[in-house]
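Some structures are shown below for you to check.
Look for chain A in each of the two complexes below; its partner is chain B in the first and chain C in the second.
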Partner chain A sequence: MKSKGAITPLDRQHSYVGRNLSRDKAKRAVNGRGRYTDDITLPRTVHAAFVRSPYAHAMITDIDVDIAKAEEGVVLVMTGAELKELCTGPWVGTLSVFPTMKTAPQYPMAVDRACWQGEPVVMVVANSRAAAEDAAELVSITYKELPVVAHKETALEKNSNLVHPDLKDNLAYEKVIDTGDVGEAFAGADHVVEATFDFGRHTAVSLEPRAILASFEKDTEELTIYTSSQTPHMFQAIIARTLGLPEHKCRVVAPFVGGSFGLKIHSFGDEFAATAASLKLGRPVKFIADRLESFLTDIHARENTVTGKMAVSSQGKIEALEIDILSGVGAYSQYPRTSVFEANQILNITGGPYKHQNYKARMRVAYMNKVPTSQYRAVGHPIGNSVGEALVDLAAEKIGMDPVEIRRRNIMEDNSYPRTTASGIEVADMSHQKCLETLVERMKYDDLVQERNSLRAEGIFRGIGIAAFIKGTAPGPAGYYGAGGAPIASQDAATVKIEPSGNIICAVGVTDQGQGVDTVMQQITAGAVGVLPEMVRVIEGDTDATPYGGGTYASRATAIGGEATYQAALALRAELLRLAGALLQREPETLDIIDGNVVDLGTENIRMPLAEIGRIGHFQVAELPNDIQPQLSHTKRFRLNDALYIFTNGIHGAYVEVDCDTGFITLLKQWVVEDCGRVINPILADEQVRGGSVQGIGGALYEHCIYDDQAQLLNGSLIDYLVPMASEMPDIDVAHVQTHTGVSELGSKGVGESGTGASPAVVMNAVNDAISPFEAKVTVQPMTPDVLLKALNRI
Partner chain B sequence: MAYDFLDIKLIVNGEQVSARVPARMHLVDFLRMELELTGSHLGCEHGICGACSVRVDGVVVRGCLVLAAQCDGSDVLTIEGLSESKEVVDLQNTFVERNAMQCGFCTPGMLMTAAELLAKNDKMARNEIREFMSGNFCRCTGYHAIIDAIEITMEARREEERS
Partner chain C sequence: MKAAKFKYIRPSSLDEAINLLSDFGEEARILAGGQSLLPTLNMRLSQPKVLIDINRLDELQGISHEGKHIRIGALTRHVDIAESDLITENIPLISEAIEYVAHVAVRNRGTFGGSVALADPAAEMPACTLALQGTLVVEGPNGRRQIRADDFFHDLYETARAPEEILVEVQLPIRRSGESFAFMELSRRKGDYAMAGLACKATFQDNRFLSVRLVYFGTELKPTLGENVMSQLEGREWSETLAEKVIASLEDDLDPVDNLQGSAAMKLHLQKVLTKRTLAEVVQRLGNV
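Moving on to the complex of A and B:
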């Protein structure tokens, strides 16, 4: 690897990296010309609707579809048992990297037993969605209700009802890590603080619901799928393997994707059923989830209870941390990425910014008769950071130290990397100290403290929150999905090529859902080759047109896909300079490429436009010496080596006001300083942080999938499930510290989850600071008004 | 199953449209499915998210809460018509420059609502803009950039008026 701080083509004056280039997709979106999956209709398209289990747990004893089948417009009715016959086998949502993990095998639709409310049982396909829904109401299903597991707190008790009797108990997975000597550290500690934290279930609520249009050509076995997906190649692999199709004949296209946030990297039974219907009918089949279906069947996340305690010296040194995680998941471990990552990430990252070396953590994951949970933006981090940062504040309060000061004394030093955290993860290239001091300055912390104190005297209760964080981004190949047996690429790839016109095409395996991944690749390519950004067109989201890759999730697009693009662009640049050298009879080392022209290095006198090389390279190769074989297209892949993740770091600040009579929280301002390494496009990076922070605030204050004792979801609409709207959200000040990662030449780390990962932590700390005069503490999220009023002993 | 159908005549984006529609069909389904105006989006179908916002007889409504049959004789404007009219081209350009959208799914509805706000030609404080826009859900941006874009456009229009 290149030594850090070396000048690369991206650092030059003519590079377009580091600039606020506008997104092409945005130009379409503002005119209503984005094209999402539901906007695409093919000739003879038919539409799927589903009959879903109304019970959280029930045997399916009889299904009568005759009346539905006879309806005008209905072309197919398929039961779960019929779909099972079209599958090569069940899904099993385990990974070998979690060796003792267990789950029950699962088919895309319930076969003889429904295990959560909303699980698909029968599919009806008709010539319109309305006709399919009408006919679905005429399907008659007889159920025999079974005992329900509705609470994680009792799911692991000996006499609990069972989600899957074959598994003998409801324990999906248990893991313990124990480093240093936690027992001794607690026994000898000056002070110990302790609390139990409870986090409610919430879900992604992408504004565009899950969507698929599957079109199968029976004669050639070619399947084309348009779907709102972050991971087209993974979807291609899984759909082909589940339905027994030749993988290379399955094309998956992700057109405009209307929000995803980790929702659209999983396998959902209704999407597989719709595809199976296309196989059976030889016609395009469309399925678009409605909002109720989204609440009932999209993956949920976050339902965890964590008990934590921290040992601290009177001087403010964190000596030890111990946590116990009880994670409530759904009826199956979500295929193919599992449902245990959230707890595993809590275990990995809690207390991650700090230097203590005594750490003990246990995680237990319990199945329940609820919709499966899995990876959603910042997996586990909102919980781990909330727990860790709340304990740090409790420790500070105990010893009478300022929350900034205790963090200053315990965060890892900027010159101390690489190092290993107490949980055993390797971290490098971090900047906790610089981020903390930047935050204090930007918040005008001392002034804010003064303002808070003087307002408190007037009966206005404002609070200041601080929350440092680490965030695992860009997972490497050693740890998880691919290594665990799932068909998910951890490396990624880019092809960069010159066209006869001299313009550049860049095709990448990572995908864009509005973050501006395509624009980032455009800037990297333009910067590395030496062309104007408008000379570069980026292609993504189509398995036929891009090299094989993992797609976009876990803040990996720029860190992994960006490096692949950079290397491919450098390879093309090197070839273009060789070709120019041959044509100009010059040493390539004496030439440069700037804004699409080959120029003399240094003087920048234009020698020839790239269009000339494009023309000769493609059409008139006779002008080149015989020993030169133009390639004009370069594909590079990039993989991490041993690192589990490229860890990033940062720190949030928040200023809130609590109305102690109503329990309402007003967010006045939030600050984020984060370190994503090299920033390719500042405005895109800023908005990732802002949007992510508000998504975290949603979980901290409003969002909650509320279930009753029979595991029935009580709030499956946007009327009852609250999301952050413009009037409640604060302005968010964002700053970036740019410590390049040493694992790539590009130097970028992930940025998409830095907001979500610590926003709940900082808001909870600020709220607790606001109500500290009442000696009250909130340890429950979402922090709804009733939670606040209970904490304040008002109700 | 038997449906009632109704004949309607209306103006959509300045063009005369005659159609026979099921009585139960929403305006936004009619616009999307029958007229292929896919710029209006369906996010919740129960009137909360605002992604289907369109203008009917000069007023912004939720396209999922209005029946196509109710619009007989009406003048309907969608994002496609709003764009072609250039009424908010300055706002649209500022949305792009300020990156006031990510996935873009909420954007047509946001622009419809913001156009109504800009037409008021009032000077509004930032929190008032937030309040006005609070019927449109955006999951991506956190709203800060959207409020910026509206504020910038509002200020630029006032500046232009002054000069």
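Moving on to the complex of A and C:
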């Protein structure tokens, strides 16, 4: 490991790391020439549509598919029971790191019993999607309705209806952590503040919905799948295991992927059904979720109620924190990543920026007859940060201290790492103090406070919010997935090779969904080898063409995949210098590679282009001494060791105005200062933070999957489910503090979720500041006008 | 999300379209801009047997000045209303409200006639047509007839237009001196359907309300006149006190429905807020005329 601050190839003038390269794919996407899964048409393709349970809980007593089968254009009708026969066994969405967790086994389509509205029951495959939908309407299913579990608040009561009678109750998992002496700390505290917070369900709403095109060749028994996935290798492993195919004969390609946000790392029954149909038919089968299906069947997230209290001294020292989490999930624990992560992350990170040593947290996860929930951008963090940061503000208010000042007194010091948080998480290489002071400066905090105060006197109610955060990124093998037993790689790999032309191919296991992962790898490769960026082409999203890796999730692409790429590129660079040395009869240490040419170190006099090494290395190998075998491609892997995550940190600021007569919130400005370690591409990092912040604002103000008492989703369209739109979004000022992580040479941490993780917290704090003259408090998200007006006692 | 099968017919004259409507009756739907119809077809919320595409009917096009009113052909796109000088100069209420109609892409295709004929309770153009006391001209097998806006909107998506009739144009009276207009709506995001909205036309004499038209939308099953509030304002001079007094009677005019956007109580509250703000605005604008 090199010491921090040492000059690496990336820090050289010619490195291209730290520069604003534009994404090659962006132009293509903007011109409408991106090739998404639905744009790919194979000969003889047929299309799947699904009959889905209209009930949240019902026995399936009879299915009559005869009329549907006879419809023109229909090639296959398959029930859940028939699909079950093609599966090696059910999915069981548990991980061994959650030892007492329980879930019911699950098949890709409902067998005998449907447990959530939208669960697939029958698949119809026909010559066109329209024909499949026509025939699907002709499938006749008789249901016997069963009692529904619709509310997490009553799901754990003794006499509650049961989602799965075999499980005896609806409790998926319960966990308690208790560090220090919370009881004593609260008993002896100068002040205690408490509140209960409620967070509504929402979902990812990727621009491109879930999509799959599965093509099985019966003659060779080879399966090729094109799918909108973040994790092609995981998909390969699970499809092979579920349908009993040899892994090496399953190729999974993720072409253009139009947004994902954690949605596209899970196993969805309809996608497996479509694949099974291809196996059965020997024809390509396409399934594209429409928007209604997306709302009904994509994983949901965030439905949690958290009660929290904080003990604080009169001098503003946070003494203790206690939270109780009730998490409402779906009918099954989502395979393979489970549905208990959200609550577990809330438990892990709430109060994470602060130095208190007394922390108690309980989480209970309750099954309901709703679509399963699972990992979605910034898992648990928007909730944990909202709770923790709201409690800090309540504490500040109680003792009459400025919200910035109380944070200044309690955040972990920048020179105090490595250390352990009260929840037991090891953190390192953080910069809370630097981030806070940077934020105060960029916000012009004192001026803003003055402006707010003087406008308040005019009846204009503006509020300032502050929210510090920590964020787990790039999970390691000791944690949930590696040790947990699921076929999810926490390591990742890159192959970097030189072509005869002297250009470089970089194939990576991490994947791009539009955020620019490929551009980042291109820059790292160019910087490390010493070539122009346009000399590098990045290949990702194809299990046939890339080394095995986990793909992109949990803000890991740059932190894990980037380091693997860096190491592979360094290995190739060393080999190129060795070959150049042999050809030039020079010591490799006296040479360098700049912009695609081997040069003399220091003087930068060009000695030979890399194309010359490419040519000789591939074709005129005899020009090399006999004892040299050119190694023109290098694969390197990178994994974390003991760390659960590479934790990052940062802080948000927000300025809002509340119309107290209408309950409408106007977002005036937001600031984010975050520390993702080394920034490879500033514009892409900024836009990750901005887009992520907007997604957080979506949850804070707009997005909500609304269910009735029978667990029927009431808003399954973009008319009723509100996503944040540009007109309402504030300007978001982004700054990066770059404390390199010590676990890699590259030094990058994750950046993709730092916006989402604390944006709801900062907006809620700002809203509560704005309405503070009315002694009103909002603790419900989304903060709709209805919520505001009730808090303000106007209705 | 593929529409069920339907027959598609594109008549080339109004007569032909009316004959088709007579032939197919309730089984047919008129396709104009398609901005409301096509989503309902694709979600299979509606499965008509026949679509009659009237987009080639030149008789239904255009905006023109005709005597004391402006004629808006039923097929006029929202974008053309927004860009029309005739509308800007003569029907300021429409000109103000058109910006609230959905988004650019919808305004490019959606038609004025389609919006009024559909009578979505949260839509802007039906409310404005009622506020302005416009006249709707429909044509059917028995010829043309005129329907006053006051008589047109019956209930949720129900209007005085008979199934075999086509809305051909809307006539809106040209503004006169002493008139002032204001339009306000609350929607969570720009371009969304209104949670609450109010279109107002007021006539003044000696700073007193001579007559007021207040049309509420987004909270009722149809665009709804605030008759109690209107009658209490007439003959009075504007003041904050008057506003406080009259909005109490809004409860007699409105009976909002709960929906996903919020409770009936919230909607009534929002309409009260809008009433105060809209009246203050309409008075201020008169002073600025």
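In the analysis below, the second predicted complex is superposed on the first by the 795 of 795 C-alpha atoms of A that agree within 3 Å, B and C clash if a C-alpha of one lies under 4 Å from a C-alpha of the other, contacts with A are read in each partner's own complex, and residues count from 1 in each chain.
Assume contacts are C-beta pairs under 8 Å (C-beta built on N, C-alpha and C of every residue); 3 or more make two chains touch, one makes a residue touch a chain.
Quantities reported herein were computed from a predicted structural model and do not represent experimental measurements.
Chemist: Should A:514 be classified as contacting the first partner (chain B), the second (chain C), both, or neither?
Modeler: first
Chemist: Go through the superposed model and pick first if A:622 touches only chain B, second if only chain C, both, or neither.
Modeler: neither
Chemist: Once the structures are superposed on A, label A:694 by its partner contacts, choosing first (chain B), second (chain C), both or neither.
Modeler: first
Chemist: Now for A:457: first (chain B), second (chain C), both, or neither, which partner does it touch?
Modeler: Neither partner.
Chemist: Tell me which touches more residues of chain A here: chain C or chain B.
Modeler: B
Chemist: So, A:715: does it touch chain B (first), chain C (second), both, or neither?
Modeler: So A:715 only meets chain C here.
Chemist: Taking the superposition on A as described, I'd like to know which of chain B and chain C A:683 touches: first, second, both or neither.
Modeler: After superposing on A, A:683 lies in contact with chain B but is clear of chain C.
Chemist: Let me test your reading of the model: by the given contact rule, A:291 touches which partner, first (chain B), second (chain C), both or neither?
Modeler: both
Chemist: Please write out, lowest number first, the residues of chain A touched by both chain B and chain C across the two complexes.
Modeler: 130, 134, 290-291, 717, 719, 724-725, 727-728
Chemist: Which residues of chain B touch chain A once you look at their complex with the stated criterion?
Modeler: Against chain A, chain B makes touches at 1, 22, 24, 32, 37-46, 48-49, 51, 78-80, 82-83, 92, 95-99, 101-108, 111, 126-127, 129-131, 133-147.
Chemist: In the complex of these two chains, what residues of chain A are touching chain C?
Modeler: Against chain C, the touching part of chain A is residues 128-130, 133-134, 137, 290-292, 661-664, 702, 706, 714-715, 717, 719-720, 722, 724-725, 727-728, 784-786, 789, 794-795.
Chemist: What residues on chain A touch chain B, complex-wise?
Modeler: 20, 22-23, 25-36, 38-39, 71-72, 130-131, 134, 204-209, 256-261, 288, 290-291, 513-516, 683-684, 687, 690-695, 717-719, 723-729, 731-732, 755
Chemist: Write out the stretch or stretches of chain C touching chain A in their complex.
Modeler: These residues of chain C touch chain A: 1-5, 43-44, 186, 188-193, 195, 260-263, 265-266, 269-270, 273.
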